[in-house]
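One chain, subunit A, appears in both complexes that follow, with subunit B as partner in the first and subunit C in the second.
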Partner chain A sequence: MTTAAVARRPRNQLLPALGMIAPAALGFLVFYLYPTLRGAYLSFTEYNVLGSPVFVGLRNYVDMAQDDVFWNAVRVTFLYVVLNIGFQTVLAVGLAVLMHRLTKSVLIRGSLLLPYLIANVVVALLWFWMLDFNIGIVNAVIDAVGLPKVAFFGDEAWTVATIAGVNTWRHLGYTALLVFAGLQMIPASVYEAAAVDGAGEWRTFWRITLPLLRPVLVLVLVITVTGAFQVFDTVAVTTAGGPGNASRVLQLYIYEQAFARGHFGYASAMSVVLFLVLAGAAFAQMRLLRAGESDLT
Partner chain B sequence: MKRKMLAGAVALASLSLTACAGGSGGAEAEGQIDYWLWDSNQQPAYQQCADAFHEANPDLTVKITQRGWDDYWSALTTAFSSGTGPDVFTDHVSKYPEFVANGQLLALDDHIADVDLDQYSAGLADLWVAQDGKRYGLPKDWDTVAIFYNQKMVEDAGLSEKGMQDLDWNPDDGGTYEETIARLTVDANGVRGDEPGFDKENVAVYGLGIPGAGYENGQTEWSMYTATTGWTHTDENPWGTQYNYDDPRFQDTIAWWYSLIEKGYAPPLETTIGASVNDNFGAGKSAINISGDWMLSTYFGYDGVDVGLAPTPTGPNGQRASMFNGLADSVWAGTDNPEGAAKWVAFLGSTDCQDLVGAAGVVFPAITSSAEIATEAFAEKGIDVSPFTTHVKDGTTFLFPVTDHASDVHAIMTPAMDEVLGGKADVGSLTEANEQVNALFDGS
Partner chain C sequence: MRTRITWGRLLAWVVLWFFVLATVLPFYWMLRTAFSDNQALAAQSFSLLPADLTLGPFKRVFGLATPEEAMAEGGSGASLSFWLYLRNSLVVATAVTVGQVLFSSMAAYAFARLSWPGRDAWFAVFLGALLVPPIFTSLPNFLTIKSLGLLNTLPGIMLPSLFMTPFAIFFMRQFFLGIPKEIDEAAMIDGAKPWRIFFRIILPISAAPVTTLGILTFINTWNDYFWPLLVGQTEESKVLTVALGVFRSQTPQGAPDWAGLMAASLVAALPIVILYAVFGRRVINSIGFSGIK
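Here is the complex of A and B:
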């Protein structure tokens, strides 16, 4: 950097900088920080929206520790996250590698994104009908080939896996696209070197692609895991938490406690716990998978 | 020119903004009454009422907003808390006690005088008097339940339409009602439920379709059976403080109901999560459904299905039974025009409006004479609704249970009933759920 360049800089960069951050900062303060702080406060109160909050100390948290439905919701949510992220990540990486190595067609790459462009609720209802036990097309096909029909949404053994599958179908293309962007950052020279050394596709994938993809993959995982923990709409429009409590995920239980049962204080307390779990999960992923470092250098 | 259009657009935008502000505040157009309802089938009839009301009161205009049931209550709560609630809204007995407890409803006593409460079907007006002795709603309609059956399936089974009108039931062997359901059940090989070799694992048509496990009230699921055993949901109604899900009469009935699933006469609970019970009926997957009169236009709207109606079966007490639920119109406490709102509620609760609603033939109005108009309107569509009205005529209705903590009771009983109907728990487990429910009322 030359001294001339330094001289041409405006004296005070603070004001223009603040001006540029202001819109985003204002949005953050009003729509994120304030609601979060207020939510944290409400978690120590009993509040039904229509009255005014009454301070009850830690009672909501004590109640939560003894609430079987809450612990069940935690268990169901974790199961969902494991299934959803498991399927989704493996398939997305596979799909991205295929996109990267096999095709240059923008049409094919673009069409993979199509499910993501459909609203969540529409996707959920679409599959809800197609997977219906009595009049859904999937079970009609299963029945036609002589296999026993499956109550995908109604059977406790299937319901969480089904919901995880539906969301995988919707988010797969988007996740694959993110991974694909990461693949494009890997220099072609590394692949050429591998090819010269006689490495096959399989070996190249494990030794070159995956290690070099790690930083991007961590970012993708943090985003998708955080999103998966907050699963709500798919459950809300299909099983509504049933049968029994089999698909009552944490976000749905929070919503029910707040908006259906008027226990905003208790719902806030659960939200605080979910917030801490998510922050912890994101932090652990970043640290354990060394997101800040690349193997390229 | 361009600038003018822009100005017009800005004016429009600000107009729609103020329209959003709704109920309270001075932004709303002078003399506008916001009115919410959830049943889109009924909106045209109530628009007629709104027009007639405007004609009689030119200084007042009613603006109707319709929201589906699933969004209605959370939208209402949010609107109340943000001060933008509707002046008047359609209210449900399971919801209004909590609104009263939170001071969200206007007591109508001070604003509506000289309404003849005797013009309404018996009991409906009483549902809307809260524990403080004040009135929070004027009855607008009522509903009962009846058997909807597929006429062709009944014929194919060799059963008579006349026999369908006179079924009996008991919790031990299910009576002729269960015999009929068994007869109407057909497996994939064409074997009927009451014939040897019936394959209950491979059923093509279930005798009885069920919508689900019935939550806390069982309105269209089990309440028409339990009530004929002498069982009641609560110790008193309205305003009971003790639920009775631990009563053997209730649990025996639920055990019988579940036995239909075990025998293959009704679909397993897990298969009912998905397409609605009425769509399955329309698709020929069940022969009998029990549902309410508000579903009449849906059931009779299925192409290629001839629907018959029959009253619910007589039970151990020798009588039929149907839950009797009535909606009402309530005024929000935050309304900026209590007098205008009350005027609209009084109009909704009068023959001026209820005759119009009755003539539309979508629901039974609360006023007895208007309900007769509805009966005729249904008859003109070729539907004999006597299986619904017979309960009112014979006095075999019982009122929807009205208590405090209704949403918590619902949240506890929903999974509890699912467990039993799903075969995951014994009916005895409902005793524990009952203890949880009754604990809600301790010290309140």
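Here is the complex of A and C:
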């Protein structure tokens, strides 16, 4: 296409093109490329924002390896990702299949998407209220049926699961709609053939829907896992990392090191690690995607 | 046989409606709490209607209640200026939406429909920015905004997303690629220059994707918390999400002003809900595609 276009249109449109990408290029260079390089450099320095960065080699990374709070943050973040993505993906696939089989109602899809469009902060506060130990509606119901109340945000055993649950609630509809879009790409003839062969709903789901959905599922997982690793808002406005360090996720710890303690170099080093974890997770999932394509055709 | 299928479908409908209700009812609870007297919430924790219906929480949020009135309904008595935060959020989200959509569309046009050396390579480089997580660029961007002297100003909050996002360029480029070539070729034979073609022909016929992108950008900017938390800490520069976080931490440990908090949350959510009510179908239909986001 490009060669044909050039042949028909020999004029070089470099000048207008440069003018048109100029603002975007400025934004890209100043707020994407430069900070990426600078962040990588800062991770090898000691820098408290006031002076100038002092090169310290790998010391931040060595410190990190010996920092218990960092390792705890890694554990908490992984636990959160596993719980959040686990619940969310299973429920979203179920919900998407239900919608696909039952209805095309825009109202239903629209309602399910609503939480995703509302700010994390608002969603977090709403659930902070509903799950309140003393007078929240959820504990009022638990109490009324005779079970012991649960300190959802205050009990170490519950806090990560609670935050994972709140964000599952926020992202469920969005994830389900992504899967739903994938389901619509599966040709109806496949299902008709399965019905002719006498396959039931259950069997059709496991043998046809799920395998054909695999590439879409992996794409959905890459998106949602990348987002989940960067959880911050919900934690920051509810538990602020507590009780103790029970919900101190990686991004919150990075934020605190940089802005509460002025350890910019150390915080940069930790965000390098988070970046690498994200890249690794995405890469691993893309490998799965390629494996998925082979049994499609 | 027939009954079995019907029962199965009935069960499926019940499950689907369970999810719909579980999604919608918490919003009703927010609404119900926002019109309640905070002092009465504990005694009426089951009531589906507001506890002692009152506009008090909204008055507290907008600083219209005297400290005595606020205390009487269980507020903290601290004065809030949500008008200011609401204005800040509106200014930031509107400016970012206009700037990002315009500049990203211009760049997307150059990437999709102009021929110039290095075009595809540059596009790949721009798109590469998708891989860098926001936290990674946020710390150095904070330093940049600081050295520009823009900490705690609205331009400081806007600037990093004012010019482009890789997603916005990708989104518009996809659409521009699908416009038949004959359209700008005809204009070019008539002697029109690329700028003119872009503003007079391409942009007007792209109203639909531009609107969709604009809505998505507005919602994202409106909801953003992390970046404005870093660079907008003063009263004059706080946006709604940041103010909400502070509001929550200001409430005394003993008896939080839940009603006030829910009223404030409602104020923060309402513009998005209205936008969604008007443009809902467009947002829903964009989901499969914006999946790369």
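Quick notes on this one:
The rule is simple: the second predicted complex is superposed on the first by the 262 of 297 C-alpha atoms of A that agree within 3 Å, B and C clash if a C-alpha of one lies under 4 Å from a C-alpha of the other, contacts with A are read in each partner's own complex, and residues count from 1 in each chain.
We adopt the following convention: a contact is a pair of C-beta atoms (placed from the backbone, for glycine too) under 8 Å apart; a residue touches a chain by one contact, two chains touch by 3 or more.
These numbers were taken from a predicted model, which means no experiment stands behind them.
A simple residue count on subunit A separates subunit B from subunit C, and the partner touching more is C. Contacts of A:221 after superposition: neither subunit B nor subunit C is touched.
By the touch criterion defined above, A:39 lies against subunit C but remains apart from subunit B after alignment on the C-alpha atoms of chain A. With both structures placed on the common chain, the touch criterion links A:73 to neither subunit B nor subunit C.
Of the two partner chains, subunit B and subunit C are each touched by A:49. Contact with subunit C, but none with subunit B, is seen for A:230 once the two complexes are overlaid on the shared chain. Within the superposed three-chain model, A:261 lies in touch with subunit B and out of touch with subunit C [touch as defined at top]. Shared-chain residue A:239: touches subunit B; no touch with subunit C.
After overlaying the two complexes on the shared chain, residue contacts for A:27 are found with subunit C alone; subunit B is out of touch. In the superposition on chain A, A:135 makes contact with both subunit B and subunit C. Overlap of the subunit B and subunit C contact sets on subunit A: residues 49, 128-129, 132, 134-136, 259.
Here subunit B touches subunit A in the complex through residues 73-74, 77-78, 80-81, 98-99, 102-104, 267-275, 279-280, 283, 285, 407-408, 410-411, 414-415, 418-419, 422, 424, going by the rule given at the top. Subunit C meets subunit A in the complex at residues 8-9, 12-13, 15-16, 19-20, 22-24, 26-27, 29-30, 33, 41-42, 45-46, 99, 103-104, 106-107, 109-111, 114-117, 119-120, 122, 126, 129, 131-144, 146, 159-164, 166, 169, 181, 185, 188, 193-195, 198, 219, 222-223, 225-226, 229-230, 240-241, 244-245, 248-249, 256, 258, 261-262, 265, 268-269, 272-273, 276, 280-281, 283-284, 287-288, 291-293. Partner subunit B is touched in their complex by these residues of subunit A: 48-51, 69, 128-129, 131-136, 151, 153-156, 238-239, 241-245, 248, 256, 259-262. On the subunit A side of its complex with subunit C, the touching residues are 2, 5-6, 8-9, 11-14, 16-21, 23-28, 30-36, 38-39, 42, 49, 91, 94-95, 98-99, 101-103, 106, 108-115, 117-122, 125-130, 132, 134-137, 140, 144, 169, 172-174, 177-178, 180-182, 184, 201, 219-220, 223, 226, 229-230, 232-233, 236-237, 240, 251, 254-255, 258-259, 264, 267-268, 271-272, 274-275, 278-279, 282.
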